[in-house]
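Below is one structure, written out as structure tokens, with a few remarks after it.
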Amino acid sequence: MMKDIAIKAGYTLISLFVITNYGLLLGGTMARVRAKVQGRIGQPVWQPYIDIIKNNVLRTGISHGVMFYLGPVFRLAGGLGTYLFIPAVYGSLVFANFAFSGDLLLVMYFIFFGQLGMALGAGQSGHPYSPIGVARGLAQMSAFEVPFALSVIAIAAQYQTLSVTEFVALQQGGILNWIVFTNPLATIAAMISFLGMSMGNPFSIVIAPQEIPIGPPTEMQSSFLGMLQTNRAIFNGAKLVLFMNLYFGGATSVLSMVVKTFLIYLYTVIVGASFPRFRADQSIRFFLGIPTLIGIAAVVVQMI
Amino acid sequence: MIVVYILLGLMMLIAAVAAIQMRNIVSAIITAGVVSLIGSILFLLAGAPDVAMTEAAIGSALTTVIFLFAWSRITEQMKTDKKSSEHDSEGGSND
Amino acid sequence: MVSPLYILGIGLGIAFLLPLFEKLGKKIPRIITLITLMVFTLIAVSWVVMISGAVDKFPVIFNTIGFKAPFAISLQVGLIEALVLVMINTAALLSGLFLSLRKDSHWEGKQIVLFLTLVIGVNGLVLTRDLFNLFVFLEIVSISMYALIASNDEKHAYEAGFKYLIAGSIASAFYLIGVIYLYRFTGTLFIDQIVAMDLAALQATHPGLVFAIALIMLGLLIELKPFPSNGWAIDAYEASDPAVSAMISAVGASGVVFAFYKISSLFPPEMAEIVVASGAVTFVFSQLVGLRQKRVRRMLGYSSVGQIGIIVMIIGLQRILKIDDAQMIMSSAIILLGNHIFSKAGLFWLSDIFDQEQLRRVRRRPLMIVLFGVFLGSLAGLPPFPAFWAKWRMITVLAESDKLFLIIIILLGSLFEAGYLFRWFTTLLRDESDPGDIHEEQIPEDIPVSSSQTGVVSSTRALAALAENAGSVVEELPVLSVEDPTAAEKRNPVVLAVVAISSVIVIAAGVLLGAEFLRASNELLLLIPVAVLTAGILFDLLHLPHRIHLILAMAGISFYSYRILMGLDGIYLVFGILFLTGSLIQMISLYVKKSLHFGLIPMITALILSLGNLLISTTRLGFFFSWEMMTVLSSLLILRGRKASGAGLRYLLFSLGGAYSMLIGLMLYPDFSLLLQGVRDVSTPPVLAVFLISIGAMVKMGSLGLHIWLPGAYAEAENEISSLLSSVVSKAGLFLLFVTSSLYLIPLLPSGNIPVSVLLGWIGAFTALAGAFFALFQEDIKYTLAYSSMGQVGYMLLAFSLMTHLGWVTSLYMAVTHLLFKALLFLAVAGVLYRTKTRMMYQMGGLIKRMPISFITVLLSIIALSGVPPLTGFGGKWLLYTALIEKGWYLQAGVAMFASAIAFLYLFRLIHVIFLGQLKDEHRAMKEAPIGFLIPQVVGMIVIMLFSMYPSLLIGPLQRAVTPFFSESIIWEGYTVFSTLGYWNGNAVMYVTIGVFIFPLAWLLLMQRKHTRMVEQFNIVFAAERPDRPETTHFGYNFFAHYRRALGMYLTPWATRWWTGVVTLTDSLGGTMRRIYTGNGQTYAFQIILYGTVLLLLLRGGF
Amino acid sequence: MITQLLIILGAALILVGFWGVLTRKHIVKIIISFSILDTGIHLIMVGIGYIKDGSAPIIDQEMPVSRLAGNVVDPIPSALVLTAIVIGVAVTALMLSYAVQLYTFYKTVSIEQIKELKW
Amino acid sequence: MIKRIIIIITLIGLSFVLLPLFLNMEDAERLSELSQTYVTEGAEELGTANLVTAVVVSYRGLDTLGEVAVLFAATAGVTLLLGTKKKGGSVTDLLEERRGGSELLNTGAALLFPVLLLFGAYIFVHGHLTPGGGFQGGVVIASAFVLLLFIESDREFSHSVLHSLEALSGAAYVLIGLIGLWFAAGFLDPRFLPSGEIGRLLSAGAIPLIYSLIGIKVGSELIGVVDSLRRRS
């Protein structure tokens, strides 16, 4: 029993290590890609590492209270947890993570965990700009959840399962088995909402505060900020893995995982580079418009 | 016999309509008393002398009297009202 | 046996002599009259005693002169006569006492004489069996009333009296013509002899017979003030001295009613039908017109007319129905009559006492409130008052005779009546600061996004048109004490005692009847709440220490719960624990209350017991009784709120409407028993019944479209009450659905959904969504929580209507967990409100440092409520979506998911705005909430954690409870629960969450162990100027403005508009309708003659 | 024949009475109409009591007990009319008192102007 | 005008509906069973010559008691309404205006007063023999007093006498009724006194007594009504 747990803990650490580094590198790479598209040189690929280390070694940190202190912890826990409830590589014992704890619904709801903690931490800072970002973020999140949820319902109805592992299993055996081909409507809806989820342009109003200091992390500094940056890498990875698993046949090896998630991420970057930013209410209206209709269509197709 | 009934009946009806149509209240009251009086004659003819007496005494006499008393009270008040409003010249007593 | 001739003879003799007695002393006539009335009452009582000893020997005929009827006039004493006379004479006695005891009583001389002749006349009306003699007594009664109206020496009294005279004279003329023709056709005036004749055969030889009877009927009917030819009567009720109005309404009208009953045995069926129609029309339309009425006495007049209308209807009905049914329904008429006599008299008396006192003081005068409550409740037919049982019996009989339409009429009229009566009540209870409307904060106009919100506000406000009218009731009531502020102190307490006697009579009669009705099904236990309420209110009236009271109450409830829960199993047990244990825990917080809060503890106790009674009632009556008790008590509890008058009224009306709808549904289902009994063989689904019952349940649950009452009620009630209502009482609707569904829904399942359940499902889904959205935009915490409850209960409805194993488990699971979360939230928020004294979120902030335990509670409960893992709320979501997808309700699942995302938003806002951000100056010295609030919170948190770790603890028993109805759909393997679609291991999720939480925390602690510096409150990297209006600068103000900007236009409250429309329509209908009351006596005369002509024409059409 | 005549006359008076009650504005006229209405009713009552060729139901030399049956009118309606007449005058007296008081308070005898109570 | 037409239509409708009551009502050929009994046995049973009186005072005695009560209540009502302190007009003024003088009336009235009193008493005492009875007699007595008022409109009647007469006669009436209940067959039964021979003044049991009491009561009540209605200063 203890041995099992120890082995599982070890696997988990490996899995986390991989996803963290992958997430950080992906972030760095994409920043560069974005810069190239815009005709800039851009930052080094390892810039995220630099940021995190720099933040963590800062000598002093300022705390506004317990919740402020715990906010980043919640956030990171949310990211970690989300990742850990998704099987990253199909068939791999190391990357199976804790997928046995729950199905897709668990993952979808665990995403809120980190959001909540972050928002609470930012809230306690007492900075008036933090809640602005929080409000925008939450509002936008609830909107993009709709097409995504519909899409998930559609594929769950199609495959009569909610288990992520099951989904991957059912998509094995050829590219045409991928849900992107068996259920393109659901995939389209989900991929549009993924744009919102990754908070790139045109849905970057939440991140926008980092350019001018308005937004949830306004008051965060030193280790707190470092933790948030770590989380962004992991959480990004987790989301990519989830979408890969659900719509793109999952991955049977780390390599295919890397390739697939990279491509998925690239798609958001390309879209982001070619659109201006939406206001929060515009993005809500957008998500509840066409993507939701597509999602409903996907569901209705399953009902017929 | 029947003719008497019919005649009396017609008189009664005419008196009744007259009592209702008359402008002067005192005449109307007295005419209404006449209606009752003719009625009492009819009762007598129809073999109901008790009723006839009662109608004559109560229906025509007493009722007419109390009508007149009541009306006189009202006219009395009307007079004093008119007087008082004349005294007040334009005193608006539109209560 | 005392001869009834003594009543008439001695009574008249004394009446004749009264002018002489007056010479002996001014007070002597009063005393003699009172003694006479007492003797009358005693004689009547002695009859009742005697008759109930030997029913078969009665009725007895008493002859005059020494000749048998028909040769001489005879009087009859039977059980009904005796009972009616007891009631009438008691009421007269109380009236006499009231008249002589009230402040500045001028009851003397001719007034006493006329009072006495009135009573004697009514006695004669009841006793005599001779048609012409009836006329004579009718004239005695009428003339006494005409004259008594004028005893209020005031111009309106004369006006009203004259109109009354005109109407009465026309009625007498009709009656007299009818009588003489009836004599011509039958050769007798003795009613019994005419009844014994073959009237149909007579009709053949005398075609005029039916018209003779019709004229007699018409004469009496007009005296009974049928709508619409009753303007004169209402004027009289309004203009005369309230004590006289009480006499006219209670004593005079009752006598005429009885006379009408007496001659009803002559009616051919067609005529009886016309009478029924007339009564029904009167009942409904009088109440409708009453809705619009602002002057209290006139309103009482409409109510009187309506009450008499329903009795007229019954009198007509008993001629149509089978003999058994006729007797049954007639007994209900007698009960209604008695109920009317004492309550209406009581209200008129109270309205008189109010003339002498400052109205606003009533709120602080518990005894007055109790009296008012009793009378209004009994008039409105609420349990446990006599009218409730009477209406129940009526409805049962009507249901058996398939007269659904009449049931609807009765219930509709009752609803209207409850509406305006309780509008008055709420007005009286109103606090000075209460706007009388549902309170909602104003959003400043210059924020463009708020337009839709103001739309919500304004239309809700329009909906409270009733409450608005309530405002004017106050203004119209004369407040004499403006000049004499000490008037209230000079009042005569003895007068109140008279009124109290009347109320005691009503209560006692109600309880006795209840015992009689419930004994049949062995459900006497259901009366416990009434007993508890009475005892508790006495306890409070005596100003005994409330903590002892609380402890006693809680001990009582515990004992009761113990006894009840032992006998329950399955779903019943689940709800039992939900209702009883859930509320018991919440009662702890009442301990904090420092002073006596009148009626609070008794009402809560009775409410909880009524909820418990729902579980053990086995018959329709028992269930409906407990349901109504619950409704009434909840609304009374809501009304205690300082600004709750509008909300409480709305709650009452919606709940009553729902209850009535449920009642019709129950009645439609003939062989009904409320036991949850597996599968039953039902060939034809009573879809209408299901629909109506569901409406009843959905009102209680506040489902979309029927939720209008909800926000105000939860928000404006006191905090403990809101908590109890939203977490426990709202589940009663769910219980109703469960308990009735197995009878007709389950048998149909193999063939698929019945449409109603699909409809319910959609309603549930949209309720969840709408509740969440409404909650999102509230600035007021309690409104947020109120809408949140609405949304959550929507989920339960959705899950329930799935009609699958998993669906039902989900529904129950959510019910239990919601009880936990919402109770915790309400309690925590109650603590906050208790300390901050404000409900506006933007006036709070940073409270985490002052109220950490409350913060933790709120944090835990919002995590749980929004369904975020690892807490137990997620279980509900997991079950719900699994169940929905299994069933194939994909779109509903989509809506539910959207709703839960929105729910997350408002929940976050809740915690954020209250506890985080900058602490306000005025809250700097605040303390944590009182311990009474905290104890239940800590307990609740422990339970939540337990269920989160081990979901099987909760799901397991629920599963077993549902299993008898469906086959199992989920299986357990260790800690993992598997459905056909997915799986969930609450235990593992918990450990993983703890793991991933501790890991970064440890890192942080490690990295920052020395360097983290706590800073002062305002030490933030922010500098800007502060705008003018304080609330707009608050970060929490209009928090999710984007949403409103994005979706505001879709959020126009259709339901609110619809109900606004309904209310406005009803109101304006009443308003238009009452235009027929032009005030012109001649028009009234014309209406009477027209009415008579129309009835006669109808009758002719029938031949 | 006589019954018929009395009844039709009575009915006509009743109609006249109703007409007066419904159309006259003067309260005293309305009360007069009521008393005409009453007379009409009394006529009908007496008419109904009439027996063909009957005389008064009083025993005297010409009408000994043995001849009574068949030759006298019905005493019951007569008795009823007696009562009705007295009641009629009682009501009329009360109405008139009201009329007086109404004039005192409203300063008008028109029923159309006495309508402060309504709705 | 439209209002009138509606009223006419309504009244026509009313009479149309009630036509079966008004038409084809032939003279009855014989008495109803009930009155047949009264007529054949009434005289014997009660000893009254005037059968209407028999019906009014005894067979339907309760009606009559009620009727007295009605009048009593009406008197009380009129007194309550017009009672004291309210001013009124005088009939003489009214009549003078119309006729210009009242000398004839004055003289006639003065002469008639005692005659009327006696006549009234005669009527009610002979109520069981001849047409008329308590009510008619009472009215005649009242009219005697009315005449006095015509002459002298400020005349005051003694209220205590009036009240006492009214009250005592009423109470005595009820008492006789009760005596009937105790000593004869029923309430208001006049037969506790011997019936006597038909046609005699002292016959018909207590009927003359009752009628006299009624006469006194009605008379004083009506005086009360008239008194209340006339002018007070």
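Letters A, B, C, D and E mark the chains as written, and numbering starts fresh at 1 in each.
As a working rule, contacts are C-beta pairs under 8 Å (C-beta built on N, C-alpha and C of every residue); 3 or more make two chains touch, one makes a residue touch a chain.
Everything quoted here is computed from the prediction, not taken from an experiment.
A.B. asks: Take subunit C away without moving anything else; what clusters of touching chains remain?
C.D. replies: Leaving out subunit C in thought, the network of contacts falls apart into A | B, D, E.
A.B. asks: Considering only chains that satisfy the touch condition with subunit B, which of them also satisfy it with subunit C?
C.D. replies: Both-contact set = D, E.
A.B. asks: Looking at the contacts, which chains touch subunit B and subunit E alike?
C.D. replies: Where subunit B and subunit E share a partner, that partner set is D.
A.B. asks: Using CA atom means as chain centres, which chain is nearest the centre of all the protein shown?
C.D. replies: Chain nearest the overall C-alpha centroid, as shown: C.
A.B. asks: If you tally the C-beta contacts for C-D and for C-E, which one comes out higher?
C.D. replies: Pair with more contacting C-beta pairs, C-D versus C-E: C-E.
A.B. asks: Give the label of the chain whose average Cα location is farthest from that of subunit D.
C.D. replies: If we average the C-alpha coordinates per chain, A ends up farthest from subunit D.
A.B. asks: Whole-Å distance, subunit C centre to subunit E centre, using C-alpha means?
C.D. replies: The separation of the two C-alpha centroids amounts to 54 Å.
A.B. asks: Roughly how many whole angstrom separate the Cα centroids of subunit A and subunit D?
C.D. replies: Each chain's C-alpha centroid was found; their separation is 98 Å.
A.B. asks: Cα centroid separation between subunit A and subunit C, in whole Å?
C.D. replies: 53
A.B. asks: Which integer distance in Å separates the CA centroid of subunit D from that of subunit E?
C.D. replies: Chain centroid spacing, subunit D to subunit E, equals 15 Å.
A.B. asks: Name the residues of subunit B that each touch 2 or more other chains.
C.D. replies: Within subunit B, the residues that touch at least two other chains are 48-50, 54, 58, 62, 66, 69-71, 73-74, 77.
A.B. asks: Give the residues of subunit E that touch two or more other chains, as numbers and ranges in rising order.
C.D. replies: 7, 11, 14, 18, 21, 25, 28, 32, 34-35, 38, 50, 52, 56, 59-60, 63, 66-67, 70, 73-74, 77-78, 81, 88, 131, 133, 135, 225, 229
A.B. asks: Residues of subunit D that touch two or more other chains: which are they?
C.D. replies: In subunit D, the residues touching two or more other chains are 1-2, 18-19, 22, 38, 47-48, 50-51, 56-58, 72, 76-78, 80, 82-83, 85-87, 89-91, 93-94, 96-101, 104, 106.
A.B. asks: Sort out which chains touch which and give me every pair.
C.D. replies: After working through each pair, the chains in contact turn out to be A-C, B-D, B-E, C-D, C-E, D-E.
A.B. asks: Please name which positions on subunit C make contact with subunit A in the complex.
C.D. replies: Contact set of subunit C toward subunit A: 846, 848-849, 855, 859, 863, 866-869, 874, 877-878, 881-882, 885, 888, 890-891, 893-894, 897-898, 901-902, 904-905, 908, 911-912, 915-918, 976, 980-985, 988-989, 992-993, 996-997, 999-1001, 1003-1004, 1007-1008, 1011-1015, 1017-1022, 1024, 1033, 1035-1036, 1039-1043, 1045-1047.
A.B. asks: With touch defined as at the start, can you tell me which subunit E residues reach subunit C in the complex?
C.D. replies: So the residues of subunit E in touch with subunit C come to 7, 10-11, 13-14, 17-18, 20-21, 25, 28, 32-35, 37-38, 58-63, 65-70, 72-74, 76-81, 83, 160, 163-164, 166-168, 170-171, 173-175, 177-178, 180-181, 184-191, 217.
A.B. asks: Within their complex, state which residues of subunit D touch subunit B.
C.D. replies: Within the complex, subunit D contacts subunit B at residues 1-2, 5-6, 9, 12-13, 16-17, 19-20, 24, 26, 28-29, 31-33, 35-36, 38-39, 42-43, 46-47, 49-51, 54-58, 72-73, 77-78, 81-82, 85-86, 88-89, 92-93, 96-97, 99-100, 103-104, 106-107, 109.
A.B. asks: In their shared complex, at which residues does subunit D touch subunit E?
C.D. replies: Against subunit E, subunit D makes touches at 1-4, 7-8, 11, 15, 18-19, 22-23, 47-48, 50-52, 56-60, 65, 68-70, 72, 74-76, 78-80, 82-83, 85-87, 89-91, 93-94, 96-98, 100-101, 104.
A.B. asks: For subunit C, which residues count as touching subunit E in their complex?
C.D. replies: Residue positions touching the partner: 3, 5, 8-10, 12-13, 15-20, 23, 63-67, 70-73, 109-111, 113-114, 117, 120-121, 124, 128, 130, 132-133, 136-137, 139-140, 143-144, 146-147, 150-151, 158, 177, 181, 183-184, 187-188, 207-208, 211-212, 215, 1086, 1089-1090, 1092-1093, 1096-1097, 1099-1100.
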